[in-house]
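These are the structures in question, set out in turn.
Note that chain A is present in both complexes that follow, paired respectively with chain B and with chain C.
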Partner chain A sequence: MSDTGTNITQIRVNEPVRQFEETATRTINSDESTFSSASGISFETVGATALAPVIDIERLYETLPGSTSQIVRALELLKQAIDFLSEARKSENPMDSDRYVQRAQLALPKLFACRSIGDGFGVIINSLYFAFTNLHGTPLTSDQLNVVWRILRELRTRPVMSLEQGIQHAEELENCGLEVNPPDLGDLLEGYESAE
Partner chain B sequence: MPSPLTIDDFKPFSVTCELRYKNAYLIYDRTGQVIEDVRESFTDINVSTSSPQQTAWVTNEGTLTLELGACRVISTRPDKNAEAFAKHCKAFFDAVTHHLQIGVFTRIGLRYILRKEYKTLDESKAALASMMLANLKPTKRFNSSDSPTEILFRWEDSQIGAFVRLKAEMVELKATVPPEFQDIVPKIDKKINGLTLDIDYYTVAPVDREQWNSQEWLPEKMRLVRKEVDGILGGGK
Partner chain C sequence: MSDAYIETTVLTDILLKPESSKHKRATAALKRYENTLLPVYSIKEWKAGPLHNFAYLHDKLVFTKSFSQTLNAISALGRGTYLKSTAMEALAATATTLKAAPQKYASLSSGDDDLADIYRLALASIIIRSWRKRRNITTRVVDDLSCYVEVAPRVGQDGYFDLTPKECDGDQECCLAEQLKSQPTLLEALRKAIPENSGRREDQKRRQALKQLIKHPKQTVDRETCRDLGDAIFAFFCPKTAVILTTNMRDHQPLAESVGKKAEKP
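Here is the complex of A and B:
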């Protein structure tokens, strides 16, 4: 794999300097390909559910302290929410489980502020926010908890997902009995459907 | 002993962001659509080179290149935090990935080249030698110079890689003016001595299109590059 292309070649290096450059070999010439483990990886999906091996999201957005990046902030918040939901899934006491879900829910308004990351991200966070609002304090069922946990994990792996992917995940939330539309919009839609 | 250099002592020469992907054969049908999509994001777009497998456009914001297996944006006037550059990259890369239906990037690279001018080539070499980056005693090796005139470090694991190259060199700028204009515009023939600082930060593992946001990634990585390079120039801190 060669280095990132650049137009520096437009400047011609004077001959006396060039002739002292290192002997070109495949391994040490800086313009030659560099070893990359990616070269041996197949990007094809193998089997129905296998995912292509991709970079670890933590490494892709690894940053310095004091970062103002929205995506870095969102990844931290998603991790917190996923950790709380993982605890909720493990908990055998329904009261404790609900307490963990409520803690995860606290991250949603902050995640809402990061929705400019991508259209899919915005759709999922909006849908989850309204799903919890429409529950009016009713705890999530075990199935709903698993779906929310899985979708947030997927969002953390692919935070820049497309609008279509986001809508698909919002439909998954609906399919497990969560109402993802704003309460007023739901009333409006209901009224519209009954009028038809 | 001279005080250590920092990255701010170097003048930015170019910044490049490049995406690589498996051959995108839709390039044969959709190159025009890509550039039509980005018309509003760039000013004064002109085709520089054009062939079925590679087209380059020169704009006021930089050079855009679209190839069968890669695309890149190059700016020769980069802003320090790369925010404006990142905005231009996003416009171009969004159009490329959409029209060429690219789902996975096999490599994302950020290359930043800077230069510090010196009066002579010997001064440039002395400046490089004074950094003691290679931790080698200054003695004649391979019957050549006492100190290396180019030093390259590379760090790479299964996810991320980077190289930093420093080279004392003389570059020659030459431009030939058509004979009928030579009275108006003088021939350009200039030699510039200096230290070239060349940094390439790149991903090794494939990146899913749905993982990467250029507007978030580029300024953060530029910050990282600047801090790491300052550490290296300052004596490996």
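Here is the complex of A and C:
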């Protein structure tokens, strides 16, 4: 309840926006879920009493003229990268596919500049960068391409994520054979081997 | 020998030196054995040593927000900190490479604060991922320590890593005490394997800890004594059917041989 005595739906960055209808109009079965779309807003009806409009990510962070928001910039860049990766996935020619992947890579430094969005975001971009670096130009396998594509899509849907969530995605990259650490990180330690 | 008892150095090579030759050697070595046994004592030492060092470096980057200042700070610590001087050179070399590389493609960024963030994020990531992997690299985890709790590293609200606890619970006697005290002959053999005139502080502490166990078995074994025993713990608890797998042969070989066991390099 707000100070003025009216209910205001809170919109959180990481959650679909739901508005609950209070007219209690029963129009469909309670176990049905339907979507409709109007002006970029999807209305989800769960049961009879709840209409839940899910605002598309494009609308939620709609670009205003002159906007310099990092999140808006990141969403644009992620879209470009995802589009290139989508083309790479579709391509039947491995060379063409790799060229699309290389184009997607170009977005990484710019995306890294948007890391103030959060450490989860930063960890994913950082991990992807080192994954590509450690490949030394070797093209991604189709499995790796799919994982990278999927992770970037998820990042675009939820750009604000915790460090922990970002690291989970780094683990996914690692699990498909990509090396996500800086190449010289292992050299940082001494101590125990000094006695060799 | 078909079993390997994994010592801290090998655990470190596997978890914190990805893609290095040491990592490859260590992971290949594990495949030589039918059973690979990871004692929790290794995990405890690894967390308090190498993992702590990575967390320190991470926190320094958080504090300075500067790659170059972090390098200077670490260099000032000098030797004996477990952070390699050549590591600093490696970091400096990386910074130079990144600065020299074409900005558009080859690097995320070359700014000092950007480099600090690149490494901060990479360190946070490897610290947490390596912790999660620790119990999955061997066929079994053995010799649980009831006085030690394995708590995952976490980043606090302030951005710094919290690695506590790094030690055993100080309120109770070391859970290994009873087994250690029950075999004074082994303790004596281990003590004799350490050169009496050794100038190394860790040797002196180990001899002292073993002496205390032998001469004063009724005395409580606290966590400091347990920590000082260090390498002797591996020789003592390694099963007879296993070898101690370590990169630190200089310390482990004489200890293992003194009690009729064997140490091997990966």
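We take it that the second predicted complex is superposed on the first by the 131 of 196 C-alpha atoms of A that agree within 3 Å, B and C clash if a C-alpha of one lies under 4 Å from a C-alpha of the other, contacts with A are read in each partner's own complex, and residues count from 1 in each chain.
Operating definition for what follows: contacts are C-beta pairs under 8 Å (C-beta built on N, C-alpha and C of every residue); 3 or more make two chains touch, one makes a residue touch a chain.
From a predicted model like this one, the values you see are computed outputs, not experimental measurements.
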By the touch definition at the top of the document, which applies to A:159: first (chain B), second (chain C), both, or neither?
first
Now for A:126: first (chain B), second (chain C), both, or neither, which partner does it touch?
second
Quick check on the superposed pair: does A:69 touch chain B, chain C, both, or neither? Answer first, second, both or neither.
first
Among the partners chain B and chain C, which is in contact with a greater number of residues of chain A?
B
Should A:115 be classified as contacting the first partner (chain B), the second (chain C), both, or neither?
second
Which parts of chain A are touched by chain B and by chain C alike?
none
Residues of chain A that touch chain C when the two form their complex:
105-106, 108-109, 112-113, 115, 119, 122-123, 125-127, 129-130, 134, 163-164, 166-167, 170-171, 174, 179-193, 195-196
Of chain C, residues touching chain A in the complex:
8-9, 12, 16-20, 22-23, 49-50, 53-54, 57, 82-87, 90-91, 93-94, 103-105, 107-109, 114, 117-119, 121-126, 128-129, 132, 155, 247-251
Taking the touch rule as given, give the residues of chain A at its contact with chain B in the complex, in rising order.
1, 3-8, 11-14, 16-17, 20-22, 30, 34-38, 41, 43, 52-57, 59-64, 67, 69-72, 117-118, 120, 157-162, 165
Interface residues, chain B side, partner chain A - complex:
13-14, 16-18, 20, 22, 63, 65, 70, 72, 74, 76, 104, 106-107, 109-111, 113, 121, 144, 149-150, 152, 154, 156, 158-161, 163, 165, 169-174, 191, 198, 200, 202-213, 216-217, 219-220, 223-224, 227
